[in-house]
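Dropping the structure in here first, questions after.
Lettered A, B, C and D in written order, each chain numbered from 1.
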Amino acid sequence: MKKFINSVENVEEEMIQGLVKAYPQYLRKLEDSHVIVRAKKKEGKVALVSGGGSGHEPAHAGFVGEGMLDAAVPGAVYTSPTPDAVYEAIEEVKTDEGVLLVIKNYTGDVMNFEMAREMAEGEGIKMAQVVVADDVAVEDSTWTVGRRGIAGTIFVHKIAGAKAEQGADLEEVRCVAQRVCDNVRSMGVAIEPCIVPANGKPGFELAEDEMEVGIGIHGEPGTHREKIRPVNEIVDHLLEKILEDLPYEGSEVAVMVNGSGGTPLMELLIINDHVADVLAEKDIKIVKTFVGNYMTSIEMAGFSISLLKLDDEMKALLNARADTPALTVIG
Amino acid sequence: MDFDTLMSVICQMQKNIAENREYLSDLDRAIGDGDHGINMDRGFREVMKKLEGSSINTPADLLRTVGMTLAFKVGGAAGPLYGTAFMKASEAVKGKETVSLDDLLPMLDRAIEGIQLRGKAVRGEKTMLDALIPAKEALDQALAEGLAGDDALDAMIKAAEEGAEYTKTIIATKGRASYVGERSIGHMDPGAASSCLLLNAIKTHA
Amino acid sequence: MKKFINSVENVEEEMIQGLVKAYPQYLRKLEDSHVIVRAKKKEGKVALVSGGGSGHEPAHAGFVGEGMLDAAVPGAVYTSPTPDAVYEAIEEVKTDEGVLLVIKNYTGDVMNFEMAREMAEGEGIKMAQVVVADDVAVEDSTWTVGRRGIAGTIFVHKIAGAKAEQGADLEEVRCVAQRVCDNVRSMGVAIEPCIVPANGKPGFELAEDEMEVGIGIHGEPGTHREKIRPVNEIVDHLLEKILEDLPYEGSEVAVMVNGSGGTPLMELLIINDHVADVLAEKDIKIVKTFVGNYMTSIEMAGFSISLLKLDDEMKALLNARADTPALTVIG
Amino acid sequence: MDFDTLMSVICQMQKNIAENREYLSDLDRAIGDGDHGINMDRGFREVMKKLEGSSINTPADLLRTVGMTLAFKVGGAAGPLYGTAFMKASEAVKGKETVSLDDLLPMLDRAIEGIQLRGKAVRGEKTMLDALIPAKEALDQALAEGLAGDDALDAMIKAAEEGAEYTKTIIATKGRASYVGERSIGHMDPGAASSCLLLNAIKTHA
């Protein structure tokens, strides 16, 4: 395992410290915890709290700031944060308007956030939540735990965050957040695994000509393995799965070509070239594109494509002002 | 089993988990995210820290503290699940000074109930339940057949281990392993494996 | 070579296409060339033109936009662009106020940009230039070609770009750009090489416990090889070299912890944690920190640290509004 | 050497470079950025494209076109340097219909002058000049000694190759290889190697 670290035990702590030291104008860390909140609490608005295991940087703490999150709760690498950490975050950023939890659909995340929610409700805090489950690689059925939440989560943060910033009430914010969840689909692939520092071993091993298709964001193997193909064909496959899951034809969309951490921007741009061509061909109008590392898997070499079907409100909120370490929109 | 023995069981659980940290994580790496051993180990270390020098002196308080610690300090899926399990097990021995083999059945029963309440899984979904439910049923039967002490525990552990083995043959539909679909076949569920390690600790000190 | 590409021949073209398709509101590509200019030409201000070989994404085209560059000229991967491409860019963005070239100090870059400058001056265009040479890993002497220009270049783009946007004249813009060049120092290391697509082989090979120290941004070997150490010690070494080159004590600085493309943000943040601590200890005040992939080397796993000693004007310009694909400052 | 022969020399240069694309890039990878073969190959391909079906018919125009193409279409360090070299060489044969061995000396002279003007390097800095300057001097001496044709060219090429060999023993102070400092010792300069390939093309068709 080759990493720029000091010791596997200190990875989370030093990373969080490095983050708040880089962005003191945006962020503040709660004492004795890894919870990150806005440097200046904004009262009188619904507060957004998200989080999950670490290893997805800049998600989630990088999106704390005006127009996006009020708090992020980072767990250990790839491990959902504990209920008391989530509760601490809620307690810190809560306002009379209430708190919206943005949860990615993993058994651990859902359980830990819900336990915190129960604690908060016990204290009389107005709570609501949405669960992001955008990964079309995973079969969805009433029998399974359902789809994973992956990069589409960033759209929820952006759009619900903008709505909250405008002073909407908890139910309005929850509604638009849910609409994003309902209208975003994603899927990813990887050609190189990542290594969880505490673990020291890659999540899977691939031959020089192999890739994992349908990967999640925790370094786990995907749904299946294939021979690497020219990336346009890979893009075709991902878009096919995404487009067959939701009718996008004729609509306006936001696109995210998300890097897994080790993929050079060069390749993400090449990917976007083809994404744009395919969507144009299918009469899907791209309103805004995000290309870069938004929801990573440490140093994994992989990418995901997310497509968000927009309505006028979502479109306006997507373009609204945001000022966070990892995403700034002048608006 | 008096309070001190129960405390020894908890310590043994910690040891079993610590010794199998790599093993559990390796199982999890095959079909999940490779942290189950890390999570469980971190959890039981926290438990030990919490118990060290504490004034807890009843079985119910002990189990409740273990549960609270696992639920609130571990994270991941296993934290809340095992946490709830211990908290629920604690309810089964409320007010008691000692814990007998006869108490184990309701404890397991409540624990499983708690896991199912939290995790909404049933038997056959390739989770810890596939070790715990057969274990409970085997214990139930052993006690009904009048088997005593070690023999009943042996039956329970054997059933848990068979259950864990069985998870190799099925597709996961709950937890992280469900995402790899058919590829989960052939691999043991890490939570089922950790459940066996925990149950084994009971026997060592019974 | 494992890459998400279609063919090694099309890497540059598809990457540029993917970029303009992602950011049509910011960027426009000149026909029959890879030159990238602002979507809307801004008249009445000094125009900034930069560029160099491709492979450093988001540099340089990602920094074209309000408050930074007017044009970027990307060459083939790691190859300086040709004089006629640079000339085309100048010709497209030139105004009566003149054009400033921001050149990184490589023999190829300097020669090609200067040939273009000669052509432009021949056409009566007012021209000026600065050459960035911030890499302290390289010995500087009158006998050598001097230091390389690396990540510090982004500070030149940001600060000179802001000055130009304010309507300063060519000499004023050149002066502040030169002041940035004079006050910025950088140095980098790598633990994994990168592969130039057209070439197919890594620039160097390292054992599991080795790193290259004093790397440039073209995948070339560094000044020497060492055993990997805890990253705090690596940071100490880089800062030592930087701090002994310029007296920073007691001054205000901007910090850049720049990723080489394959380094996870997790590690860059851990690096920044220690950078911040060391500077605090040395009574150097950090005014602004940039952590991320700004000047990459395709998928190399490495990082550089840059320190810019600020005066009041540079500070104000650094914080001034910028709106580009890769860097947005609300200002 | 008439125009057609000179054209054959240029074609031969392209062939020599194309055949040694990997070799030149490998040399460059050791101490530079690994693209010298790619750059030179791209350059001479562009030259061929430009010349194909063109109406150029004098040595000076031919050399000038080669130079302009290399200078303006290749990029990198080698592009402007070799480009300038050919453009300057062209000046030495302005107005001539054919090019003789006697013309080669001033051509080389001007080429080297051009490279030095652009690149500000001198002999001994581990660049193409370390092949070209000895080559020119050897040619000068051979002609002074009255050696004819092939013998003079052989002397020139031998000197170039010795010069290229010699670059292995010195530290680079110009170009990209200067950044690796002492580590450049033991490696041949890729530009010196490509210069040998170009000079060799002259002999093949002389």
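The criterion applied here is as follows: contacts are C-beta pairs under 8 Å (C-beta built on N, C-alpha and C of every residue); 3 or more make two chains touch, one makes a residue touch a chain.
The model shown is predicted, which means the values in this text are computed figures rather than measured ones.
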Partner chains that chain A and chain B have in common: none
Farthest chain (mean CA position) relative to chain D: B
Where chain B and chain C are represented by their mean Cα positions, the distance between them in whole Å: 55
Mean-CA-position distance for chain D and chain B (Å): 76
Cα-centroid distance, chain A relative to chain C, in whole angstrom: 29
Residues within chain D bordering two or more other chains: none
Of all residues in chain A, those that touch chain B in their complex: 53, 75-85, 106-108, 111-112, 115, 137-139, 143-145, 148, 196, 198-199, 201, 203, 214, 216, 218-224
Contact footprint of chain C on chain D as seen in their complex: 25-26, 29, 31-35, 38-39, 42, 71-81, 118-119, 173-176, 178-181, 183
Partner chain A, residues of chain C touching it in the complex: 2-7, 11, 14-19, 21-23, 54-55, 57-58, 62, 191-192, 194, 208, 228, 230-232, 234, 255, 257, 261-274, 276-277, 286, 289-291, 293, 296, 298-299, 301, 303, 321, 323, 328-330
